[in-house]
Amino acid sequence: MRTTLFAAALGAAALLGAIAPASAQRTDPCAGPITFGTTISATGTNSTLSDRWMKMTEIFEEEFNRMAGGVALSGCGGKKVPIKFVMYDDQSVPATAVSLYEKMATVDRVDLFVGPDWSTHGFPVSQIFEKYKTPSVMSNVATPRVYEQGFKYITGLAFHANTWSQNYFESLKNVNPQPKSVFWIVHDNLIAKTVYEIHKPIAEKQGIKTVGEEIFAPTTRDFTGIILKIRAAKPDIIYISSFDAVSVPLVQQMRQLRVTAMDVHHIMATGSLARQINLEGVTGELYWHEGIKGPYSDIALKVLERAEIKLFDYLWTGGRLDSYFVMIQAIEKVGKLDREAIATALRAPGAKWKRPGGEFEFDAGGLSKIVAFTHQIQNGAPVIIAPAAQATGTIKWPSPTWQ
Amino acid sequence: MTAIIAQLVISGLLLGGLYALVAFGLSLIYGVVRILNFAHGTLLAIGGIAASIIFAVYKLNPVLIAVVLVLVFLVFGYLMHIYLLDPLKKRNPFEATIGTVLVTVGLLLIISDLAAEIAGPTPKNIPLEFHAYIVGEVIIQRAELYILGGITLFTIALHLFLKKTWFGRAIRAVTQSPLGANICGIRSKQIHAQTVAVGCGIVAIAGVLWSLKFPVDPYGGFDLTVRAFTIIILGGIGNLVGALLAGLFLGLAEVFTSFLWASDWAPAVSIVLLLVILVVFPRGLASVRK
Amino acid sequence: MTGSATEKLALAAIFAIAVIAPFLGAYYLTFVFTMLIAYVVAQSWDWLHGEAGYVNLGHYIYFGIGAYVFSLGYINELPVVVCFAFAALFTAGVGAILSYPLFRLRGDYFAFATLALLPLFDLLAANLKGITKGTDGIPLPPKGVIVMGVDVKVFSYYVALAVCVAAFFLTIWLARNKFGFALKAIRNDEQAAEICGIRIFPVKLKTMALGATFAALAGACYPWAYRYIDPTTVFGLNVALIPIAMALLGGTGLLWGALIGTILLGTMQQMLLVQISGFQATIVGIVTLLIGRYMPGGLLRARIVRGTPGLGALGKEHHERLGVRPAVGAAGEALAIERRTIDPDRTILTCNGVTMAFGGNIAVNNVTLEVKEGEILGLIGPNGSGKTTLFNLISKIYEPVAGEIRFDGHLLNGLRRDTVSHVGIGRTYQIPRPFSDLTVQENIAIPLMFRGDGGLARDAALAEAIKFARFAGLEARLFDRADALNLQQRKALEFARALACRPKLLLVDEVASGLTPAEVRAFVDHIREMRDKYGVTVIWVEHIISALSQVVDRLVVLEQGSVIADGPLREVMADERVLRTYFGGSLKEHA
Amino acid sequence: MLEIRNLVVDHGELRAIWDVSLDVEAGERVGLLGANGAGKSTTLGAILGIYKASGGHIRYKSAEIANREAVQNVEAGIALVPEGRQLFPEMKVRENLEMGAYPRSARGKVAENLDRIFDLFPILREKQNQNANELSGGQQQMVAIGRALMSSPQLLLLDEPFLGVAPVIIEEVMAALNRLADQGVTFLLVEQNIHRAMEFVERAYVIENGRTVLAGSKQQLLGDPEFSNKFLGLD
């Protein structure tokens, strides 16, 4: 028995050893290519937001290396090295994402991470970055609590939940007649609830009273109950904090049941929503828009074009692309591939970072302080109405289609 | 208040009618073949997605779309039974049950993944804009009337089909007494395959009507399978009228729960109902009537 | 364990891999960790399914509950051990409580109801925000990530591995132990199990609670390692059915089924994940479908696997692992039945005004009957006259709507079915109901294990069963499954099983039909021997009166649920009323 | 009309019929007697085509019908009134009857046959719109017989038609069966109640353990000590 056990153990060890790829740790900080590890929710429930990103990332690798010529390493005599992505589908399951990041850290031995998306993934995966002391620029992980863990190696590109609708509520100060009341409709989801919880006091400070609030489950299909409550409450503003896909029947039924308000605000008033329902006159937030030119916008637009992605349809694509740009900037700031230095640079207080939508800073926890552009759907397309500097039009108030 | 109740009732009936439609197919299949088809709700989602794509690309009339999809689904159901499910009948009951679970769960995975790969994972619907009728404070969409009409007509048609045609009666006969049906000269294998086909055909119609009102995505649908099970247990296996009433009741219950209490608890209604019924009447409600 | 060389080797290899995986790197740790957890869930599911035959589609809720309880304990800064204990205990409690409503259900209805548990608990976790923090989920504080300089994942890994090992050996124990035999009897036929003296509900409840405990331990490992849970991660339908698929894939009810299924499906999923982009779920779906279609008993039961030398050992059914061979004994060896001295004046069974009705149909109507100790009573009557119903009343299949049944000093009214054999009643069924996927030996051993006095140990029961089998002429078929027997052999098996209940009163329901005259005579001798040698009282329902006439002391005739005659055979057969109502008058009338 | 030779039928691994041979001439009333489990019902099922024959021959009007589908046999004029009736409990009496005319050849004469059955069992005409499960046992038996008659059978196989039927109704059913016999229907009757069986049949076979062991006319059998021995057990 003892010999069999020993033989089996030996065999097993040999087998595992054979599977494990022998890849040496990189010793030369100037050698390319620099590998970025990431997972994308290409299948599963979150894939409605990100199903085209795998293709987009492949194109990004190609276009960036072609158009920019690679990452400029000042610490290596200004040599430009290409980037390379290692990427997997996390199937929208957090546990799968964790195992994949572990694999990328230990088997694929990627240099840096860019990802994952979504707060539910950000929580467990952020510990992997700490453990392997490998910096990551995550995208679309907007819940402040992820960044309140005191971690050093994480940063995240997303709207700051704290400032998500900042421009919107600012712009409301200048409309006439003034809105006096708001009804909150909230998708039962980490990010949607955070946005609602943060903006409720902001609105009330501005003198906009809450006359109703309702949280709905993602599988809700019939919203008549909620809508009747709205009609009874007669709010001036209806604020929908929800993912776009799950709110299709909500907005549709609001239309059908002739809900009236000065404005209906949807934090994800996207193109995919607009294709399914009449969004005319609805206000919302945009992360970035093809019409707004800024740093890297040439590369970004080229990538989007080739990947056949419209920012208006896939709202969060901007965050994804920005995480790539920010990581590249961080390497260039350091001038060579040095994880510790890159992590420090990313979290340097007051550092400015470029993105196609403008400049921004990270907060103390590592979450980008990005303020969304507020837009209104006019004649089927989004028109930026705030901030004033980038505005492409003015708000129609009260919203014409909700009368 | 009456206007509010009226509005809620309309929505509840609409939702419940659609639920019933989902349950009809499952009820027929379960009644005749005694197979738990885990892929049932997912088939509806696929039907809805196909319908909305056809609508978006060819701008076909939804009725025409339904006709096309029904034909496709009939064939699919027939082949599914002949090649995947029927051969399992030859195994012992233990293997037959497990085999059925594996086959239908496998199908569920395959069709939802394929649909997501081909059509994309985003939810889709048939965006028809129609005139609305306003009676006092109650608002009814013409599309909703069409859907309600569709459900009513279809239920009546199905009812007549089961009552009046030889084939429909054979389905009921096999459900109620397989041996008795055999004695009357009903070929059970044939009826089984045809019933699975018809059940899938009904799902196609449900899918089209569903996508007129609500969006569907390839990963959804399983919660509809659970609801459909609730409905057939509530309404009696193979009992169409029972399924309709149970579906309507469920729809109304969910709508009223969300208005009177909170919408995040509305999905609990059907689950709690199912559990309570099963626990109080362990052999289903049908056993009580006897 | 009497495992083959293949099994030892496989076990050693798997265990070795599992032990060293963390040293190969964090990726292997995480990958094997997910498999360890999946195995525990799959295996603990299979205790209820493979052993007891219940399809609990909602088993995954126990994983989720365990994860939640652990997390809540952890963020309230309880020691990890305490968190684990709470998770296990609380979840076991939930399992026990759920057993009460759920086990009222059978078959598909049980599956429906348990399936509904998943969305229900998902909803509870999402909506009971005060306790669970709703869809926000629970992040565990990062400060516990490194314990004693080691990543906490390593600890959770080895805890999970320990739980796996415990689950594996518990499976071996369950398959061989008396408790496991109770489950197997339940799987085959709950009523027959009760008749053999098994009190079934506590057995099912314990199994449910045990399964819940293990799933909860696996669930507790999860947040400990991953540091975050939310409702969809631990109650989501998409993850919940996978472990079940794994167990079914390998082969449910087999020692290696869940393990091999987990390894294969888990590895396949992981390979697809890292090597193929797109269509992963489709491929998993196709494999699942093909196994269901062509190997519905699971991979290990497939002919091709069973036929492969070495591999075949993994697919062994439990009884192929039981090593108890017949002890060579003398043919006339006494059965382990207490020899009672008969007191012919003592009344052993009294039915007083017993009535049973189904709906409006009165099956047994005000039957009053006395049976003396040591009597052999024949019970006849046309089809539908209530003979079998009367048996069912005495053996507590039914509770009479009126009247009183007393047996050997016990009032049977209100008695539980499983105590019937304990007070000394054994019975056979008209259509035999042996435990069909158990061997002849096991069938007979079951009542021996579950006697009122605590019963024999497994091996003793199996050895003792051989004597009963020999007595019933089944010695040659000792190791064959009951479903391979022909009708006569099944009847003989039932008879032996009833004797193994050590009855004072034996209820025999139509044994002779289908036997040759010589076989009938042998059977009659058996009946007589039971009475003369062991003092057993017998009531025998039979259509074939020629068989009865060889042995009965007294004949009772039922017609439409009522006793129409009661007396010595010859008197009864001459009774005008009997002849008229039972035989339609004398046959000569027709001539 | 019907000729069975050395029939063998297996239920899965169990052999139910080992060796049954019998003949039924057109217009005859033949009984099939035996104890529970002797194989009587299985024999009837095999004739109709519900069970597969593993061996032997069943010839009907000189055509081999063993292993033909039930529907073909119904179309050819065989009908079965099964043990336990096997009605469709939640279908109306009328619908139950109509199901008997399911084979294509029978569909043309539904109205005519319904009339005939309602004449035979007037109570069914009254109750035609009630669900079958609301009927008494006797009435259900009438429906079962009626359903079999809907295909205008020439050979009617009856499996324990008097089981669970009140004596008064038995007389009524018996009278109806006699009328059918007068109309030329051939009967093969399985019955445990010897008295009832002997009232009706002219000739009978006795089955034991799946084998035909005795045969003869009513008079022959009743005079045969072995026969009374089998059923009475008195020497």
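Annotations
We just call them A, B, C and D in the order they show up, numbering each chain from 1.
Basically, a residue touches a chain if its C-beta (ideal position, glycine included) is under 8 Å from a C-beta of that chain, and two chains touch if they have at least 3 such contacts.
Values in this document were obtained by computation on a predicted structure and should not be read as measured data.
Under the contact definition, subunit B and subunit C share the contacting chains A, D. Central chain (C-alpha centroid nearest the global protein C-alpha centroid): B.
One simple way to say how far apart two chains are is to compare their mean CA positions; for subunit C and subunit D this gives 39 Å.
Averaged Cα coordinates give subunit A a centre that lies 53 Å from the centre of subunit C.
Averaged Cα coordinates give subunit A a centre that lies 76 Å from the centre of subunit D.
Taken residue by residue, subunit B touches two or more other chains at 113, 219, 223, 264, 267, 290, whereas all remaining positions touch fewer. The set of subunit A residues that touch two or more partner chains comprises 43-45, 188, 217.
Within subunit C, contacts with two or more other chains are made by residues 123, 126, 238, 278, 280-281.
Contacts between chains, counted with the stated touch criterion, involve the pairs A-B, A-C, B-C, B-D, C-D.
By the touch rule above, subunit D contacts subunit B in their complex via residues 48, 50, 69-71, 73-75, 79-80, 82, 85-91, 95, 98-100, 102-103, 107, 133, 147-148, 151. Within the complex, the subunit B residues that touch subunit C are 34, 36, 84, 87-88, 91, 94-103, 105-110, 112-114, 117, 219, 222-223, 226, 229-230, 233, 264-265, 267-268, 271-272, 274-275, 278-279, 282-284, 290.
Only residues 4, 7-8, 10-12, 14-15, 113, 116, 120-125, 127, 129, 132, 134, 139, 141, 144, 213-215, 217, 219-220, 223, 251, 254-260, 262-264, 266-267 of subunit B touch subunit A when the two sit together in their complex. Put simply, subunit C touches subunit A in their complex at residues 5, 8-9, 12-14, 16-17, 20-21, 24-31, 34, 123, 126, 134-137, 139, 141-142, 145, 151, 222, 226-228, 230, 232-233, 238-239, 270, 273-274, 277-278, 280-281. Residues of subunit D touching subunit C in their complex: 13-16, 35-38, 137, 160, 163-164, 192-196, 198-199, 208-210, 218-219, 222-223, 228-234.
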